[in-house]
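In the two complexes that follow, chain A is the common piece, with chain B as its partner first and chain C second.
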Partner chain A sequence: MTAVTPRGAKPKKVFSPRNIMLYGALVVFSLYYLLPLYVMIVTSLKDMAEIRVGNIFSAPVEITFQPWVKAWSEACTGINCDGLSRGFWNSIRILIPSLILSVSVAALTGYVLACWRFKGSEIFFGILLLGAFIPYQVLLYPLVIILREMGLFGSLWGLVLVHTVFAMPINVLLFRNYFVALPEELFKAARVDGAGFWGIFFRIVIPMSLPIFVVSGIIQVTGIWNDFLFGVVYTRPENYPMTVQLNNIVNSVQGVKEYNVNMAATLLTGLVPLAVYFFSGRLFVRGIAAGAVKG
Partner chain B sequence: MSSARRARDGARPPIRLLRNLSSKLAAIPMVLVGLGVFVGGTIWTIVHSFTDSRLLPRLNWVGFDQYERLWNTRRWLVSIENLAIYGIVSLVLTMCLGFLLAALLDRKIRFEDTFRTIFLYPFALSFIVTGLAWQWILNPEFGIQSIIRGLGFTNFNFDPLYNPDLVIFGLLIAGLWQGTGLIMVIMLAGLRGIDEDIWKATRVDGIPVWKTYIVVIIPMMKPVFVTALVLVTSGIVKLYDLVVAMTSGGPGIASEVPAKYVYDTLFTRQNLGQGFAASTMMLVTVAIILIPWAYMQYREKRQ
Partner chain C sequence: MNHSIEIKDLKLAFGAVTVLEDLNLQVGQGEFLVLLGSSGCGKSTLLNCIAGLLDVTDGEIHIQGHNVTWEEPSKRGIGMVFQSYALYPQMTVEGNLAFGLKNARVPKDEIAKRITRAAEVLQIEPLLKRKPGALSGGQRQRVAIGRALVRDVDVFLFDEPLSNLDAKLRADLRVEIKRLHHTLKNTMIYVTHDQVEAMTLADRIAIMKGGQIMQLAPPAEIYNRPVNKYVAGFIGSPAMNLIEGDMDAGSLQFETGRGMAFSVQGYEFGSSPTSGRVWLGLRPEHVHSGTLAQTQPVQLDAYVDMVEPMGSDTQVWAKIGEQELRFRMDGQAKVDIGDTVPIGFDPARLSMFDKKSEMRL
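Entry: the complex of A and B
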């Protein structure tokens, strides 16, 4: 116990009143947080007959994966009945270019702001940061006009640009703060060796900054995947991302509600960010803490 | 880094604008986004909120007409009221719950990582997923209400999503579930930043733990609380997806929110001027919250 110093009174007995209260509280809170996940999973594994007679907390008597199959490949939105898979692939096609473009633009801008300041660069940075606080609703229509002028309105690339724009403030800040902290001697040495702007960026800065690229990547993957508003505004129905399609499937008024299919679809949509979360662990925490404290 | 800059300046190309040229080229996206989208877009929206634009934006001035109409629209007033209730309750509860969870995790417990993972995972999920999950749990026919009725309490009523007076609290249950983890992480970082000696000193003085938190720790964490406050409020103003997923604004217009009013007015009712006026009001709200905070930050930096 040298690395982490204990706080508060030292726990003496395992079953002291203090411990019972402490862990009791933690377990009760955990139940609140785990409840929806549990309910979604058990609902998605029951058939409709069982849902109608049972209660939502009971475990499935007979496990069926049919709702998952149906959610993925047969569920209907309007006239399309090819399931969530369409939205999934749209989201992938939106995610990959948005991720690459937003992270590279942010990294390059952060590099300029940290290492190659010019007159006025700090002012532009200030303006960019202010942008993080403007409600999206203020900028929705101006961006419609900009994209229409560029001929990108309704296309996947238009949405990619929108994600890149709104990702800039927070990600630029992350990269800038990380680059500023890199040792200065490296830059001096590189300059002496004749490396220029791009040489230093690609051969020194990027190889040294893997953690911050991962953090920024995590923020972007979850942010882009979970987006609903931009997807609905800037794409046409055939390009709708998964979240939009999910909402259309579940909240559609036609037909009989199939709650098990709905929950399977909901879980499917949450799967990508959940996987990112569980595999990245501490880096995710670091990413949101870093982003949150500054942004 | 200033050294790199100085070294660069040493070369002194003849024309000032060309000095540091690669850097300026690389800054083009920042300038375009900052000036073109953020500043330009905001001004454009504000300017057009004073016009009678309907299907297409046009510069036909009508003064404050759109704002007058806005504040006479029942749906907008309901939206504002909902946002205020949701905002205040969610602010207070998020802060309290976030701090409580962080304090519990900070009590040197076992399985800290497991508990933290459980409290934070909803934050990775979208509001659509959050909303749909809770919509199902709160479903009166199958969810909590039917289960408690099944236990014998046949008169038990709990259908917040179908009750205009309670619907905002239905949204709150889901919103808190999704958002408290983030505040917990920030508070936990704040608690970890507090000097161990302070805890030792209060223990020597025999001050109970809960009192130490209230009298000593919380006042020390003021900057963390302010950050959390700004974060939660800017999130509240954006409240949109959750409403769309859980209630679509219903029953009736009981759970409408400003962000949804703007979207519907701009894109489904094609009443642009009205939508711009509403979004400008949202901007004003954020500014009212943000300017004192920015001022505080600025003053702290100067000291």
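Entry: the complex of A and C
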């Protein structure tokens, strides 16, 4: 009876110099990004007395959730003292219509530019892309006038409109490039099968395009949620999004700087984009890659 | 209503580029017409015009007696099969077959009936619940044909349907398409660049080049009496020998000036023969060797330059004087480089084209 000897290439060593370098670098970079987050979390769980001791890296001796409660429902932002909760719901009310409107309009525009070319559609697309390179600040005041003339200035819908318009260049680019890569014969087959403009869009194109919708959705959720400039310019204080309120809490010049409350408020504000990445990161990467290879 | 499809003075231009010009074509009821040509000849473009997927610049298209020049593809009474199959990936096979019928608001039980029938004809019943991604190439193309079949239309359009399949499957499906045509007796227009598909399937072949139809004729006629030098060189594998030389109308003597000369007595001229420079076409398979050569009206000696044994037959590259000639010998024939082989052929099987116009004489 012969012994069973292993065959094939020798297994690679775990602690090869290459691996040590690679994982060492990864660990260093992870720490670089995670350390501030750690500081924020521990600080938000300490009370002010403990913070004043000055050991910002030490874990809280006595964990308290009071700063979180205060940030959410008691901190004063301007004239109101009901915390970030008001801003959170405002942000939700801004986010949902802006997200739906911007993604649908961008998808539809991309679909037309990819599949129903008209005379001058390439030029149109070029001009649209140019929009991505114009600094927002340049357009702030003209937009104020436009919104005023439309009677939308200061309202939620005015802000939704602004978000939708500014979403166009990058999102139309994403959708158009994704749709261009879909096989042309599919559209021909659908036309022979009697599907029209909307039929092809809803029954053929959309079901094949989940990844790019996820990508566009994530870009929009983060962009709209993190927006500060448009929120502060185009709405009234009762409609201020969470970011503006966060700024009002953190940058208030009166009274004691409550670092723990500030940290908690900042973490609360960042939760939504974080959650979106967390739950759809895999689809996000796939969508970006699909667009990259075929665009 | 004699014609299934009638195309009158069709013109298609993209800006300044004219792709099709003054194209006229009539396809009979139940005819299998193959559009054959190398890539860029306009054959797929013509098919897309017939399908209504491209708007024509000028001219008219009639299908079953109706002027459909400006009709939507779905309203023309056509079904189409594409090279890439173009199945809707997110739908099951059944969904793919039903899609067009649902759009046309066909009642549910009628849809079910038609799908069952088509699945039976194409033997795809076990696949109905699967998605296209789970099918092989041959199965996908069958489903694509099924999608045209359920539409219950008079005209089928095929756009290079077998090009994406491997050689063996292609041969199988080719026979199946022919059988399908025999059963259904629909009018079929079939675009391909494969001359074997064209020869085996077609009732008539339209050979296209540069947006024009060079010759429209049954396969046998295209093979035996190519109308010009292009068609002669395009059809046949290995390609026809095309030999340049002088024709003397009085003596019917052909002379290359490179050591090859013979009488073409027996060649059927289209009009009365004239003297001048010509291209003479001789198919490799029409050259006989061995004992058979001695029975042929024209007999020559060929010096063997190169031999390609294929098993079933042997391709011989030879020289007659300085003139190169390619011909076919039996696979069992013993022949070597440097041999001199007696060959013979019948001038009735030749093709002759004017040097300048390249048209058949």
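Criterion: the second predicted complex is superposed on the first by the 258 of 295 C-alpha atoms of A that agree within 3 Å, B and C clash if a C-alpha of one lies under 4 Å from a C-alpha of the other, contacts with A are read in each partner's own complex, and residues count from 1 in each chain.
Here is the rule we go by: contacts are C-beta pairs under 8 Å (C-beta built on N, C-alpha and C of every residue); 3 or more make two chains touch, one makes a residue touch a chain.
This one's a predicted model, so the numbers in the text were calculated from it and none came from an experiment.
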item	value
Chain B versus chain C as contact partner of A:Phe15, first or second or both or neither	neither
Per-residue contact with chain A, leading partner among chain C and chain B	B
Partner chain in contact with A:Gly199 - chain B first, chain C second, else both or neither	second
Partner chain(s) touched by A:Tyr277 [first = chain B, second = chain C, both, neither]	first
Which of chain B and chain C A:Met208 touches, first, second, both or neither	second
Touched partner set for A:Lys188, first chain B, second chain C, both or neither	both
Interface residues of chain A shared between complexes with chain B and chain C	188, 191
Contact set on chain A toward chain C in their complex	183, 185-186, 188-195, 199, 203-204, 207-208
Sites on chain A touched by chain B in the complex	4-9, 11, 22-23, 25-26, 29-30, 32-37, 39-40, 43, 51, 55-57, 105, 108-109, 111-118, 121, 124-125, 127-128, 130-131, 133-143, 145-146, 165, 168, 172, 180, 182, 184, 187-188, 191, 196-198, 200, 222, 225-229, 232-233, 243, 246-247, 250-251, 259, 262-263, 266, 269-270, 273-274, 276-278, 281, 284-285, 288-289, 292-293, 295
Complex contact set, residues of chain B against chain A	1-5, 7-8, 19-20, 22-24, 26-27, 29-31, 33-42, 44-45, 57, 101, 104-109, 113, 115-130, 132-137, 139, 142-143, 146-147, 150, 177, 181-182, 185-186, 189, 196, 199, 203, 209, 227, 231, 234, 237-238, 240-241, 244-245, 248, 258-259, 262-263, 266-267, 272, 275-276, 278-280, 282-283, 286, 290
Of chain C, residues touching chain A in the complex	48, 51-53, 72-75, 78-80, 82-90, 99-100, 103-104, 147
